[in-house]
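When the chains are written out, they are named A, B, C and D in that same order, and each has its own residue count from 1.
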Amino acid sequence: MSPLSGYLLLSALLFSIGLSGALTRRNAILVLIGIELMLNAANLNFIAFWRYGPHPEMLTGVMFVIFSIGIAAAEAAVGLSIIVAVYRHFRTTDLDKINFLKG
Amino acid sequence: MLGNGIIKGLAETARNFFGSYVDKERLTTVQFPEERLPQIEGTRDFPFLVYDGDDWEKGLRCVSCHICEKECPPKCIFIEKSKDKKPDAVGKLQFYPVRFDIDVSVCMSCQICVEVCPFDAIKMDVEFELSSDDRFGGLLHHKDKLAKSNEYYHKIHPTEAAAVDAALAEDREKEKEKQKQAAAAAAAAAAAKAAAAANPPPAAETNTDASSKEETK
Amino acid sequence: MTLSFLLLAAIAILGAAAAMNLKNAVHCVLALTLGMAGLAALYLQLGAQFVGLTQLLVYVGAVAILAVFAIMLTRSRTGETVAHGSASSRISGALTALLVFAVLAWAIFTGISPQQLSGAQPEASVREVGVALMQRFVLPLEIIGVLLTAALIGAGVLAIEEKGGDR
Amino acid sequence: MPEMIDQIFVLLKHWIMGYVPSGLQPLCSAILSVLPVLVVFPLLFAITTVLERKGLGRMQNRYGPNRAGPWGILQPVADGVKSLTKEDVVPRSADQLVHLMAPILIVIASFLVYSVVPVGRNMVVADLNAGVLFFFAIGSMVELAVFMAGWSSRSKYSLLGAMRAIAQMISYEMPMVLSGVVAIMAAGSLSTVTIVNMQAGYTGIWPHWYLFTPWGITGYILFMIAATAESNRCPFDMPEGESEIIAGYFIEYSGFKFALFFVAEYLGMMASSAMAITLFLGGWAAPFSFLTWIPSWFWFFAKLILMLMVFIWIRGTLPRLRMDQLMNFGWKFMLPLSLINILSAGLWHYLPSGFTRWSVISLLLLLSCFLLSRSLRRNKWFQERTYRFAS
C-alpha cells in the first residue's frame, strides 16, 4: 500500500465517522461537529494529493485547504449562531423536536 | 488623552518602591516575632479564670454555677460541679469546679461568658499564641491552664480590673453591713431571748475584712 | 506507512470516533479538538506547515471555543445534553456511513496507480504561500475576505438578542 | 573570545554531540535543545515569583517575604515544597479525566511556545518557517485548557471564571496578533529567527529595533496590553477576581495541580514578554553597537527580566477593571488602533525615509489614539449605571 492510499483511507474513515455522527446525533451542535469532521477529512485529501501528486510547486492543494478552513470557520460561526437563535425560539437544540415545517 | 492616570499611578508606586529602601519611616509593618507593637488596653481574645490570693486551686472565684456554660453560643465551655463545698478566698463555703474546660478551637471570643458571670470569675485574656502540635488536646484548655491570678488581670487590663475590684469590695462591704446588721439583730434577739448568754464574736466577719484588705492592696 | 503516521492517524480516528459517540456534548467537542489536533499534526508531517498551524489556530482556538460557548448557551432545561436518536435511525446512519466508507475504500484501492506519485518532499514555505495568495489566488482570497465579513456580520445579527425579547 | 562566550552553549552542545553515536544523534540533539528550556524557564519563574512578592511589598511599603533563606530568596523553594506535599482534592462531582487533563494541557502549551523563541544567536529550539503563527496557535490551546479546568470542576464560580477568561482571551487575542503583524510585515517573514536578524543591525550606535518607529512603539504597547490580558494579570484579572469569583477557573484545584496553573500563568506571561522582545525589542540584539561584546543570551534574559518587572510594576499600580470596561477597551480601542497601526506600517514602507515619514505616521497614530480614547470615554462619562440583578 502506498503512503498516499494510507492517507486517503484515513480520510475516508474520518468522513464516514463524521457522516454517521451527522446522521445519528440529535443535538444540532453535534450534527454541526460531524459536518466539520467531514470537511476536515476532505482537507486531508487535498493535502495528501498535494504532497504526493504531480506539480506540488503550484500549491493548489495547500491553497484549497486554506480557503476551506476559512469557509469552515465562517460556517461554524454562522451555524452555531443559528443554533443559538433556534434555541432561543424553541428552547431546545434537539433536531427531532424542531419540526415546525413538517406539517 | 487615555493613560494620564495610569502614568500618575505608576509614578506613585515607583516612589513608594524606592522610598521604602531609603526611608525606613515609610515601612508601616513590624517584624512580628522579634518586634511587637504594644498592646492596647482593650485587647481581648479568649477567656480565663481569675483567682485571688496565691493558690490558684483555693482562690478560684468560680463557684461552678453553669451560667457561662449555658450562655456560651458555640458551647465551648464544660464545667463539672463539685459535690462538696470548700472555703473560697473569702473563707465562705462554696461549690467549686472539679473540671472547667474551654475548647479554644471552638471559642469565638464573644465575651458573653464574661458578661453573664455574676461572680467576676471569668475574664478575657490577651494571650493569642496558642498554637499547638496536638490538634484536639492541645487546644482544650483545662482549669490549671485557665486559672490566672488577679495580679495578672490587673496587669493586662488595669482600669477594668480596678473597677471590678472596687465593685467586689463594695459588694463585700454591703454584705458585711448586712451581716453586721443581721448579727446585731441576732444579737439583739439573742440578748432579748437570753440575756444570760454572752455574745460570741462573729468569726466570718473578721475573715472578710482580712481578705478584702488583701485584695485591694 | 511510517510509525508517526500510524500514531497520528490513531489519534485522529480516536478523537473523531469519540466526538461522535460520547454522551456529553462538551466531551464531544473536546474529543473533536483532539482529532483536529491530530489532523494538524498530520498536515505538519506532510510538510504543510502553514496549513497545519492554521488548522490548530482555527479549530483548537476558535471553533472548539465557539462550539463550547454554543453548548453553554443552549443547555437544555432538563439537564444533560441529548445523546443519540432512536435505535433504527442509529443503525441506518451507521449502515450508510459504512457503505460510503466501503465505496471510498474500493475507489482508493482500485483508482491509484503508484507510478504517478512523486516521492520528493515539496516545499510550502510561508513566503511561497503568501506569493501564491497574492498572485494566482488573489480573487479567491478577496472572496473569502468578503465571505468572512458577511459571516461575522450575519453571526452577530443572528445571535444578538432583540430588545424586549422573550428572555 | 567574545564570540566564543556568545556561542558557549551552542559549542557545548556540539561537543557533547561528538560523543554520541550517530544513530542516537537526532534524539540526543532534541533532548539537548529542549532540556535547557525545561530548566531555565521554571527557574526564571521561581525568581519572578520572589521578585514579584518583594517588589509588590515594597510598592505597598512592606518588606515582602524575608524569612526563608537570606532576604527570603528561598521562598519559592518553600512554596514548591508546600504545594507538592499538600493534599490533592478532586471534587466528587468533577469530571475526573478532564479535571486531570486541564493542568497538564495548560503546562504543555505554556512550554511549547518557548520552542520558537530565539534566546540567543543560533539558540532556538526549532527555527520554524511559521514561528510566530506557531506561537499564536499554541497560545490558543491555553483557552481550551482554561475552559476544561473551569467546566470540569462543576462549580459555578469556576465556570464563571472560565467563561470570563475565554471571553477576555478571545477578545484580546485579536489585537495581540494584529499588533504583532506590523513586525512581521517589516521583516517579511514569520520566522522568529529572521525577525530578530532583521533587527540586529546598527546605524551609528543605535540599533534597528522596530520599537524605534512610530508603528513599532504603538504595536509594542498594544502587544503588551494584550499580553497582560492574555496572561490574566492585573489589571485584567477578572477571570480570577478573588473578591467576586474567589479564584476563577482553578478554584477547585489544590496541591500540585494548582501549582501547575500558577506555573502556567507565569510561563505564559514570560512567553508573551519573550515574543514582544522578539518582535519589537530586537530579541538577543544588544541595545547599543558598542555593547555587542556582551553575549547575546545575556541581553535576551536582561530584557526579559526588565519586562517582567514592568508587569510587576503595573500589577502593583492598577486596580482591576470591570468586565464591560475590559470589553469596550478591547473592541473599541485596541482593535481599531491595531488595524490603523497596520495601515501606518504599510504607509511607512512606501513613504520616502526622513523627517516627513516620521511626522506623518506619528501624527496619524497620535490622532487616531486621541479620537479613539475620546469616543471610548464619551458614552461612559455621565451614564447612569443600571444594576440588573441588584434591585
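The definition used in the following text is that a residue touches a chain if its C-beta (ideal position, glycine included) is under 8 Å from a C-beta of that chain, and two chains touch if they have at least 3 such contacts.
Note that the structure is predicted; figures quoted are calculated from it, not measured.
Across the assembly, the chain pair joined by the most C-beta contact pairs is A-C. Centre to centre, using the average C-alpha position, chain C and chain D are separated by 29 Å.
Separation between the centroids of chain A and chain C, computed from CA atoms only, is 5 Å.
Chain centres here are Cα means. That of chain B falls 58 Å from that of chain D. Per-chain Cα centroids separate chain A from chain B by 78 Å. Multi-chain contact residues of chain C (touching two or more other chains) are listed as 50, 54, 62, 69.
Arrangement of the chains shown, judged by which pairs touch: a linear chain-to-chain path with two open ends.
Across the whole structure, chains are in contact as follows: A-C, B-D, C-D. Taken together, the chain C residues at the contact with chain A in this complex read 1-2, 5, 9, 12-13, 16-17, 19-21, 25, 28-29, 32, 35-36, 39, 42-43, 46-48, 50-51, 54-55, 58-59, 62-63, 66-67, 69-71, 73-74, 76-77, 81-85, 89-90, 92-94, 96-98, 100-101, 104-105, 108-109, 112, 114, 116-119, 121-124, 128-129, 132-133, 136-137, 140-141, 144, 147-148, 150-152, 154-156, 158-159, 161, 165-166. Residues of chain B touching chain D in their complex: 1-3, 6, 9-10, 12-14, 16-17, 19-21, 26-29, 31. By the touch rule above, chain D contacts chain B in their complex via residues 55, 58-63, 66, 313-314, 316-318, 333, 369-370, 372-373, 376-377.
Across the complex, chain A meets chain C through its residues 1-10, 12-21, 23-27, 29-30, 32-34, 36-37, 40, 43-44, 47-48, 50-54, 56-57, 59, 62-63, 65-67, 69-78, 80-85, 87-88, 91-94, 96. Considering their complex, residues 26-27, 30, 33, 49-50, 53-54, 56-57, 60-62, 64-65, 68-69, 72, 125-127 of chain C touch chain D.
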